[in-house]
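Chain nomenclature is as follows: A, B, C and D, assigned in order of appearance, with residue numbering initiated at 1 for each chain independently.
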Amino acid sequence: MSQPLEYGTPIQLHQAIAVAKAAAEEAQKNGWNMAIAVVDSGGNLVLAHRMDQTQLGSMEVAERKAAAANNFKRPTKMMDEAVTKGGAGMRLLVIPGVLPIEGGELLIKDGKIIGAIGVSGSLSANDVQTALAGVAAL
Amino acid sequence: MSQPLEYGTPIQLHQAIAVAKAAAEEAQKNGWNMAIAVVDSGGNLVLAHRMDQTQLGSMEVAERKAAAANNFKRPTKMMDEAVTKGGAGMRLLVIPGVLPIEGGELLIKDGKIIGAIGVSGSLSANDVQTALAGVAAL
Amino acid sequence: MSQPLEYGTPIQLHQAIAVAKAAAEEAQKNGWNMAIAVVDSGGNLVLAHRMDQTQLGSMEVAERKAAAANNFKRPTKMMDEAVTKGGAGMRLLVIPGVLPIEGGELLIKDGKIIGAIGVSGSLSANDVQTALAGVAAL
Amino acid sequence: MSQPLEYGTPIQLHQAIAVAKAAAEEAQKNGWNMAIAVVDSGGNLVLAHRMDQTQLGSMEVAERKAAAANNFKRPTKMMDEAVTKGGAGMRLLVIPGVLPIEGGELLIKDGKIIGAIGVSGSLSANDVQTALAGVAAL
């Protein structure tokens, strides 16, 4: 791992809203029901948003994906791949705060982490696509 | 206690957004930083929204006020008053799921509970005023 | 407190069903929506039963009333009165496993505790009346 | 994953009783001691029922199987198979709310999820057979 990114000023609500709006539009365009969460660079929830008929369990999963990405300074996809690979990667299953499922992505502004987005509700690949649409809105 | 209200269809996201928007506007108009949460009639989180510089602890408080109102079919003000009065009311301090602080209000549509809003971040009276602005938007 | 009752053989399911059925009939007769729980003499849940439109939070409250009664070998009314009286009684608010709200009653057979019933959903007095109807069925 | 089912009106108690009764009869017919739980479409417990001599831990397992099925809109068998297969499936071990053991089944009425049943107490295959007997009663 190269030098990790620094934390910057916590994401502002208007930015979190723009991120979540873009993510929600991506989900709707594809007919996916999603739960979307944004945390700030302190790992604290700024915004949560559960689309109608999203599976109920996805709201907490989205929140924890966002927090995991922010609190470990990396997309949850990296944790996901480590577990999927097995062996030493299995250790991640018991690290507190890790959620090894893709769909949690860093929100970066001027080279610093200002928070993260987490998405859950559909196939993992769809969760990621939705989260990245949010990231792109920043 | 008169006959309690019935639970209806869970609040839809577009309704929750309208409720939260009205509440946030009330807060902004008054210069209050607030955390706002909406749950559906199953007590599950639909929306959360924390304004910039809101005290961090208020997000969970808002969520729990909303859930308490929905799950006990009454504004949290009623729980708040019971505890404040003391004596028998003190028992509410330890009922699981009760949050005895005003600022949790029922969201009612066609005479049925479709969810609840919880607001936290300022003086209790301001939390209530903000929550009621949300209720009025339904 | 006189010599406390002994624990006996854990309540059997058919007994728990008879207790809950009598309690539910009492509730229905009065138009009360109630959550009813029965635990055995080990404090473990045997039966739970939530009537339509009961406030959602009452299911856990009923379970904890039943467990509190069984695990402290007394009706929760006694804990309730101690807290309501204030002073030293307030200490009960932080004793683990105590739930100081009436509506948890012991189920006794041949002079021994075989479990307890907990009822929640209406006014405390109604919860007790419903629980006692269950007790009477044993 | 095809388009997921929608949530419908929460299961009513009389329906939950019919489901649990059929499941319990299947268990008794086979001499299995089982814990049976039913949740509504909001993931909230409606009914719990533990047969005599069932291993005590199974009551909570049954409750969590039912909630996992409802909250992720699928039988827990699908989660079970993913973990059993290993690799990427191992990630399910730490998703909050997931219980990757078969025996949690959706309860569907008019094409919508109205809740779920969870069964635990015997071999997994027996848990499933019992749960499906409950499903068939709807």
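In the analysis below, contacts are C-beta pairs under 8 Å (C-beta built on N, C-alpha and C of every residue); 3 or more make two chains touch, one makes a residue touch a chain.
None of these values were measured; they are calculated from a predicted model.
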Centre-of-Cα separation between chain C and chain B, whole angstrom: 29
Distance between chain centroids, defined by C-alpha means - chain A, chain C (Å): 44
Chain centre separation (chain B, chain D; CA means) in Å: 32
Residues of chain A touching at least two other chains: 56
Category of the chain touch graph - line, ring, star, complete, other: other
Listing of all chain pairs that touch each other, if any do: A-B, A-D, B-C, B-D, C-D
Contact set on chain C toward chain D in their complex: 12-13, 37, 42, 44-52, 56, 59
Chain B-facing residues of chain D, complex: 7, 9-10, 40-44
Chain B residues within the chain C interface of the complex: 1, 3-4, 6-7, 42-43, 68, 70-73, 86-88, 90-91, 93-98
Chain A to chain D touching residues, read off their complex: 31, 33, 53, 55-58, 60-61, 64, 80, 83-84, 86, 90, 93-94, 98-101, 122-123
